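The following block contains the structure, expressed as structure tokens.
Labels A, B, C, D, E, F and G are assigned to the chains in the order they are written; within every chain, residues are numbered from 1.
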């Protein structure tokens, strides 16, 4: 079994299943914070998928997308946190 | 050799991510979910990325991978802190079996200032 | 939203991200990236900074209204596009320096154009987000 | 995969339209965004999809030779995405402003400009 | 002050070289110029940081952290995969010896990165750190663990 | 023939807009720059039309990439004429704005956006690339969004919500159509598409795509039953903005319809009949709407819809004669509708309202203005030999030759309703005795304006009125122009050759 | 010639500039315009009398065969002389009638414009040009009727008149275009040579119908007559000039003009006879119950116009000759009576015949003119009217089977008209002068001389018909009949049936005058019939139309955005569905599809769930967050299928959009479900249907081959020619860089928009 096959048939599915599991938390919530945490984790897992995918397709360029995704995930979390606190403060 | 390292690293990484995924569903309250996910996922992704860096065996790519890992190590805890703090404000309850809450009542509800003493 | 942790982190993140954005801008011609994404990353850097430190501080850091990046960027893009008209060639015809510059590679009107895009995107994103934050 | 994407596109269009037909302004905008996503996916799919071959010339080569993804739809989508971002931001702010002025999210209350006698 | 700036500058240039992946003199010079410009843009009054005289301790700290990280991960993993919850969570107040922004932030982040603990917030007078922990069997022991572990080792590097 | 300078109308507008952005806070400088630049634009537009008229179709391959690989700009007589009309309307509105738009709005980018809008229009008229057309449309709509909301008054916002929604919907449909077109033909260059689409064997699919284009552009040009956004919104912004909208925005949709359905999708019987039915219904809906209204700008808004029907009728009939009619109408309508909204602006400044029931006494008090305003009003009606008459002549003749008698009926009905409405407006607003209106504190009346500003409001109306008189009285010139345009549209081979070169690029 | 015609327009255009001058004494110079024109046209009389026809052609719109070509023959000459001659008198009359009126200048302006239009109308050879002048007369009439624009009734009448004549004008336009197409030319002379072709043309029926509609509306024929009494709101010179002597005869003019071309068929003749007869009788009866002099004259004018239509309809040489003469007869006496009405009104302040009387004692010359006109009207020998009436009876009596009926109608009409003439021309001057009018005096000569001239001419032409027989009436007759039969006008034909009928008419008319005294009560009784009058019906129709307009507009433009959207999408869906159903065969080539992997399936699954979640979520924020998930999933799809740039951009943009939403939503109200379940189901069905259509369409397009020429070119030349290796980026900054510059401009505008939308607060105090 080559690295390619291993990643393709084992690692990627594991990551995909993880995404599906995390998505359950996103759906059930119950609080917005829960969803934000789930979203953050979804994105983080996405980074993993991208990294694996870049190996599979032999495209190191995809790793840059991982970088951007990391940045984005952070921004999203921060924004939601910002929102939650502002909303709380104004209520 | 690289191949084996890549396989080991990615397997470990994927396991940690799976762990985080299960954790985020299974843990009973938000703070616990944050606790579980931040580290497990960061570790997992870090391992996978490292694997990718090693796989391409190119100094430039490795450097970039390390940059991403550093970046994640820098931002993930900050994000966790932010969302945890904000959730506490918005009244997200702790698990019923929690033992102790020394933060209770320390926040000023108006200014959101945090006191160190009562 | 002024927590020490976030504030401190943002102080280090800002230059890092801007650096990264310039990197993305410059390599766009060869690999994924370019002025647009670069500009977005730079603006995200400032947005994060403003979340952590408050809008006023970010603004005083930039020293002028980010909106002014828009005409400047547009101007650069327009000039790099219109320059060929002066020599009787079509709009947007690529003009190139003969030798590649170190690091950046081949320098031509496309790069100037992309830089214009980069600046415009920063100007636009920051104008929108800052304006909203101010009137929240 | 095309079949799945086709279903997805149909669903994006359908949901976009369904949301546009609601009375809430926020839903309206969400609908427009969904519609925009659908259109982008449509361009992408109709440019024919190719897996794992980005249209990037390798550092050693001078042109793309083997099978690669069509770069044109990608460029079009990029432009479309950016433009819709501009339009959507404006629309979102417009909704905010409309709410501020009319104090409602209900589109049915915004019909004074259509009245015959004004 | 000048030295600090120079060091930051140098560091950023190196990061530039690293992420662009072109280890050449020209690239370094370009990165240096770029980061000089950026530092000028982002100049704020920052505390002095010495980067290079603490390298041995830094390496030691990294290994300590990795050890903690893996240990805690296994602990948490066990809790996650087994159906029953063994944890006794709670929020604990930890008095801080760390003073500077950087120290506090680093400490808080490291605590968060370790499984089972999450830094929720720092009090506005910077005297205490509130930490959410999964296993608070004994409060005093937990606080001591943090203070003698992470904080002490960290301060050794930063001071 | 290749000519890199045909992009000047676009570039220069962009330049103007950027220049104005640098003068963000300096309102008077903006006024001056706008006026000067609008005059230069007019010069450029005249130059362009002259060049095209003399030298035939001119092209510019952006970036020097030969068609169909780059973006091609094409100036045929049609586009050059549209550019010229844009320049005329643009200039009139720009000058009018210097007198009528309040400083608060000017400080928030009114003039730059106006110039961006004109740039978008010029781009849409000149481009020979379908996706580039989409992009120009987006410029137009976003600029119009900003203009329609600038100031953010309640009515403006309410109107804008509808305006924005419909236009975004139209854009989405347009984009969908482009996606499918590219998926079938693999090209974006309109001349190339003309050839490629003709070769597609699956005609059923081509017809379906044509429907998407029809609806996408139909929304923008406000045809039945897609016009709702127009009467809901055009009366809400300041009159100068309504003027540019009323004059040009729907027309760019009509332009696109004319272009696409003569170059890429030649209407089959179904489509032709559909267009004719839609044209008739558009005329009816616009006319019926207009007779009910009491707000001058709403009346004009519905009349825009009504008259769009005339142009669509020309396309539906699809003979050279009918197209001459449609194009003549287009030319006339741009000038006259722009002027009518400016007139409404002037009347608002005189009286502080636009409700025709409350207005009155203008004829008595301002006889010279009344005479001036009568020109666009009665030109719109098409009182011969004013400009509106000629177009109708060709349309009726064109319909008759194709046996479209019912359509003739609708054209006559539309004309009659227009006549009736305008006569009513004249009788109410100009003839009726002045009604005592309370002085509005938030209106700066005409007499309170500085003389320079007063002139700024009157001169554009005079210029446009003169133009419409010219169109009517020197109809021969316009007819020759329209004939040439119609010939270009009916037989696009010259267009295709100019873009792709004489030898066909197909293997 | 063109100067002669356009001079009126030029004067009209100059008048605003000369307004001060005209308002002082200058207006006395204006009548010299029509006067010189009169002389100019009269100078052609000898040549016309010799049977010459003069043509003048000026190019205008040659590319469409529309030229300013003028043709002067007998018919045109008669009208030209009437227009300029009566014009001269009316211009003089106006000088005193509206003396000191603040808008005298405008009035002269409109009048000049009208005169020019009318001249153009009767002289045009080109039928399109003819129509143009036709419309100009309508619009001048509109301005003149509404001249007293403070009076709401004036405005209403003007609007009504314009509506009716304008509508007729449109029909005429259509008729002219049909005619021009059928005959292959817009030149009347050329058409005339194709007469047979046109009469045999399929559209002959349409052509004459449209011409009739034009003529009947303009010449106030039943049932379109009702605008004319209202038009009497105009100042008297206008009533005289437009609404009795000239403009209303434009319809008669074209009927006469087209008789040689279109006439002679059963459709033509029967229609005209019926309409003319109904009009003349109907209006004549109406006339006798009125008390207002102007109303009486208005109805009698309608009746007279009916007679003319009737005569043209008879279409025999005799009847056409009668028509020629009657045009002139009527113009002379009716203009006189109108001018006199104006004098009476001007001096006494009333036009009510029941009040007026004995005015001969204070204004003898006026009374003389009135008497002469009334007699000419009555058809008493030796007045010109007598010749006219003789010719009419001559024509009806010789009209085969229907002779008795038609003659009877003519007699009835003439009796009523006689009565009306006496009421207007005799009653106010006869009997005792009421005390309140004792201070009344004779007006300025410019007012009473014109009617006197006209009245005297009525007598002179009666006594010496030979004066006009050869040079005027003969050419008119020739133009109408298109042959050169010599005519002979004479006063005395000997004792015959016609004379008997004339005498009968006279006797019965005078008897009626003694018996029937107009009064409010009588008038009131007639009003009962108004319920069924064409005017009432037209008004009812107008109201119904307006209701329909409300219904239609209210239905479509109902104010609810969702209805607009659903209409548009429903329309699109139906069309798309129909076109798909009609022309597309469903077919999928599975061999061409790419393989499916578990991770893709999961991504798509997540997307689908997120979409559903977005749609049905009860919380806005959750909807927005799921929107984010959708966006991120799309990124992954982009990534899997080789679009890293897209993935990057979509990631960034999506996050920014979510942030924007979050920042904005933060102070929006609660997210409610407003619509009913039924509506949601309906919308859902439409949406699903539309989505399915798009999906089917997509599948179909996927199975088509794709031309890759462009993408191959990019792939091959991106590096070699454009020096870049990321082809997508090269397209963005080079191949299609123009798109990008526009794209960033869109962003800039959006940013400015956001800025102004949020920051610009107009202060209500600040002036617009």
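Please note the rule applied: a residue touches a chain if its C-beta (ideal position, glycine included) is under 8 Å from a C-beta of that chain, and two chains touch if they have at least 3 such contacts.
Every value quoted in this text rests on a predicted model; they were computed, and no experiment measured them.
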item	value
Any chain in contact with subunit D as well as subunit F	C, G
Pair exhibiting more inter-chain C-beta contacts, F-G or A-D	F-G
Cα-centroid distance, subunit A relative to subunit F, in whole angstrom	48
Centre distance in Å when subunit B and subunit E are each reduced to the mean of their C-alpha atoms	14
Subunit B-subunit D separation of Cα centroids, rounded to whole Å	32
Interchain centroid distance [CA atoms averaged], subunit E/subunit G, Å	86
Junction residues of subunit F - those touching two or more other chains	14, 21, 62-63, 131, 135, 138, 142, 145-146, 149, 152, 161-162, 165, 169, 176, 180, 183, 188, 228, 231-232, 292
Residues of subunit D engaged with two or more neighbouring chains	20, 28, 38, 42, 45-48, 51-54, 56, 59, 72, 78-79, 82-83, 86-87, 89-90, 93-95, 97, 107, 110-114, 116
Residues of subunit A engaged with two or more neighbouring chains	15, 17, 19, 32, 36, 53, 59, 61, 64-65, 67-68, 71-72, 74-75, 78-82, 85-87
Chain-chain contacts as defined at top	A-B, A-C, A-D, A-G, B-C, B-E, C-D, C-E, C-F, C-G, D-F, D-G, F-G
Subunit C to subunit F touching residues, read off their complex	67, 70-71, 74-75, 78, 82, 84-85, 88-94
Of subunit G, residues touching subunit F in the complex	16, 60-64, 106, 128, 131-132, 135-136, 139, 142, 146, 149-150, 152, 155, 158-159, 162-163, 166-167, 170-171, 173-174, 177-178, 180-181, 206, 546, 548-550, 552-553, 556-557, 559, 561, 564-565, 567-569, 571-572, 575-576, 579-580, 582-585, 694, 697-698, 700-702, 704, 706-711, 713-714, 734-739, 741-743, 745-746, 748-750, 752-753, 755-757, 759-768
Interface residues, subunit F side, partner subunit C - complex	2, 4-5, 7, 11, 14-15, 18, 21-22, 24, 60-64, 73
Contact set on subunit G toward subunit D in their complex	550, 553-554, 557-562, 565-566, 569, 588, 592-597, 600-601, 604, 607-608, 611-612, 614-615, 620, 623-624, 627, 630-631, 634, 637-638, 640-646, 649-650, 653, 656-657, 660-661, 664-665, 667-672, 674-675, 683-684, 686-688, 690-692, 694-695, 698-699, 701-702, 706, 708, 710-711, 714-720, 725-728, 731-732, 735-736, 739-740, 743-744, 746-747, 749-751, 753-754, 757-758
List of subunit F residues in touch with subunit G within their complex	14, 21, 62-63, 65, 68-71, 102, 104-105, 107-109, 112-113, 116, 119-120, 123, 131-132, 135-136, 138-139, 142-143, 145-146, 149-153, 161-162, 165-166, 169, 173, 176, 180, 183-188, 196, 200, 202-205, 207-208, 211-212, 214-215, 219, 225-226, 228-229, 231-232, 238, 270, 274, 284-285, 288-289, 291-292, 363-364, 367-368, 371, 378, 383-385, 389-390, 392-394, 396-397, 400-401, 405, 408, 412, 415-416, 419-420, 423-424, 427-428, 430-433, 441-444, 448, 475-476, 479-480, 483, 505
